[in-house]
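Chain naming follows the written order as A, B, C and D, and within any one chain the residues start at number 1.
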Amino acid sequence: MLTSVTTIPVRYAETDQMGVVHHSNYPIYFEAGRTEFFQQHLMPYPEMEKLGLFAPVLSYEVSIKGRASYGHTLSVETRPAWMKGVRVAISYRVTRDGLDVASGSTVHALVGADMKPVHPRSFGELYPMLTRAFAV
Amino acid sequence: MLTSVTTIPVRYAETDQMGVVHHSNYPIYFEAGRTEFFQQHLMPYPEMEKLGLFAPVLSYEVSIKGRASYGHTLSVETRPAWMKGVRVAISYRVTRDGLDVASGSTVHALVGADMKPVHPRSFGELYPMLTRAFAV
Amino acid sequence: MLTSVTTIPVRYAETDQMGVVHHSNYPIYFEAGRTEFFQQHLMPYPEMEKLGLFAPVLSYEVSIKGRASYGHTLSVETRPAWMKGVRVAISYRVTRDGLDVASGSTVHALVGADMKPVHPRSFGELYPMLTRAFAV
Amino acid sequence: MLTSVTTIPVRYAETDQMGVVHHSNYPIYFEAGRTEFFQQHLMPYPEMEKLGLFAPVLSYEVSIKGRASYGHTLSVETRPAWMKGVRVAISYRVTRDGLDVASGSTVHALVGADMKPVHPRSFGELYPMLTRAFAV
């Protein structure tokens, strides 16, 4: 199973008055993980956008499993979950020194620049990479 | 059913290069809705924290239903979902001119300043308000 | 002197582990103030962008004068500072219950959709509003 | 002159509808640079906070020099500017492939946990590191 690991040092600005990472940062950490996954196993996401294929987030979920604070360095493990027609799902696990901090997943639409659904089959070079990554 | 409505003008900084609100802002909009719900129907959340009761987010989910852009004014409708022991869930609907933009929910732990679970029954003045709001 | 006042409730996500508003939020509060100033005294900024006139930030400065925390409601007072050729400057004062919280200013380029400088004189309907607002 | 260089991949969430990094992110990039500078040349900032010394931002300024977009990897060069009594200033230069993207500076108060000014001389182990770094 293809996977990527992204290292993220917690920023002071990401903490809140409880002294931990505010929960709204996890979708941003997931996105950093996704960026690296695309770069390593598909194609850099900015190049995909230049080809005219976008993958906006349709829905996502986040579970907080442990405490992350300023000074911690987090790891985001990113792996494909599924691809069905014009939708793909990706899952994430955030850890610190091997301890669970958060997990979650995102579901994306595959759309053109007009935000209308587009089947990735239309993207010759990209499609085999997608089917391999998502084990379709 | 108790509910509150919070008005949120989209900020330029909240948009991304697709020209819409970045999906990581919805948990922040939910939080603004939750703040107003507590203020109207329970007690201001900062006062609850001063009493020693915190409600950190354990998990949440977000579904994007429509397009929100800079210049739009959003409404966040906040309503209690359930309360079970030391956990509560709250749900949210974000609209623009009556059109669905996003929906979602958050699950919270009720904990003391030491982040250990604490039953809201220990908070004499607050407990009846909670059971009424969550229709327990 | 034209001015506008914008009300901003501090969001939990905007606090940091020192228990106050993280300093990176002030340019976002300034932007909210600017949005309201444009709406009240010039034209809604999204409409200006549709006309093909953009005002990206070239530089800005922020001074922290006092403490702002979750639960506080802030006021942003926005007023034009100067307009010279294709540049304008705007200044801001953030207060809470009349007490100073922060102040600052932004300098903007006036550019077209191609990000090349464009004199506002080219925007017939807008120019008299700008000269009046900036007392040129 | 002591200096540190921090690598920052631009996040999608940091872009705005103009397709570039929103200007409010630069103080956050500066902070990431500062974190690395403290770690390399002074002591990790979280340890300094544990000793009871905090360095909240009193003021800062940012100049945008060029375009940074999603897909770009930025470098933040951090160097001390000056130290006078209970205040220090730090300056930053953000580049992409050697091209200027932004520059700026921050001024900090040195305070104790009670947010009252405290002279760094009171911190035996830290003071010689500070005077060396700031070439006082």
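Heads up, the rule we're going with is that a contact is a pair of C-beta atoms (placed from the backbone, for glycine too) under 8 Å apart; a residue touches a chain by one contact, two chains touch by 3 or more.
All figures in this text were calculated on a predicted structure; none of them were measured in a lab.
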item: Interface with more contacting C-beta pairs, comparing A-C to A-B; value: A-B
item: Longest centre-to-centre distance from chain D, chain (CA-based); value: B
item: Computed distance of Cα centres, chain C from chain A, in Å; value: 33
item: Inter-centroid spacing, chain C versus chain B (mean Cα positions, whole Å); value: 28
item: Between chain B and chain A, distance of the C-alpha-averaged centres to the nearest whole Å; value: 24
item: Contacts with two or more other chains, residues of chain D listed in rising order; value: 12-13, 20, 24, 27-28, 31, 69-70
item: Contact footprint of chain C on chain B as seen in their complex; value: 9, 11-13, 27-28, 31-32, 35, 44-46, 69-71
item: Touch list for chain B against partner chain D, complex; value: 12-13, 15-17, 19-20, 22, 24, 69-70
item: Chain C to chain D touching residues, read off their complex; value: 18, 20, 23-25, 27-28, 31, 54, 56-64, 115
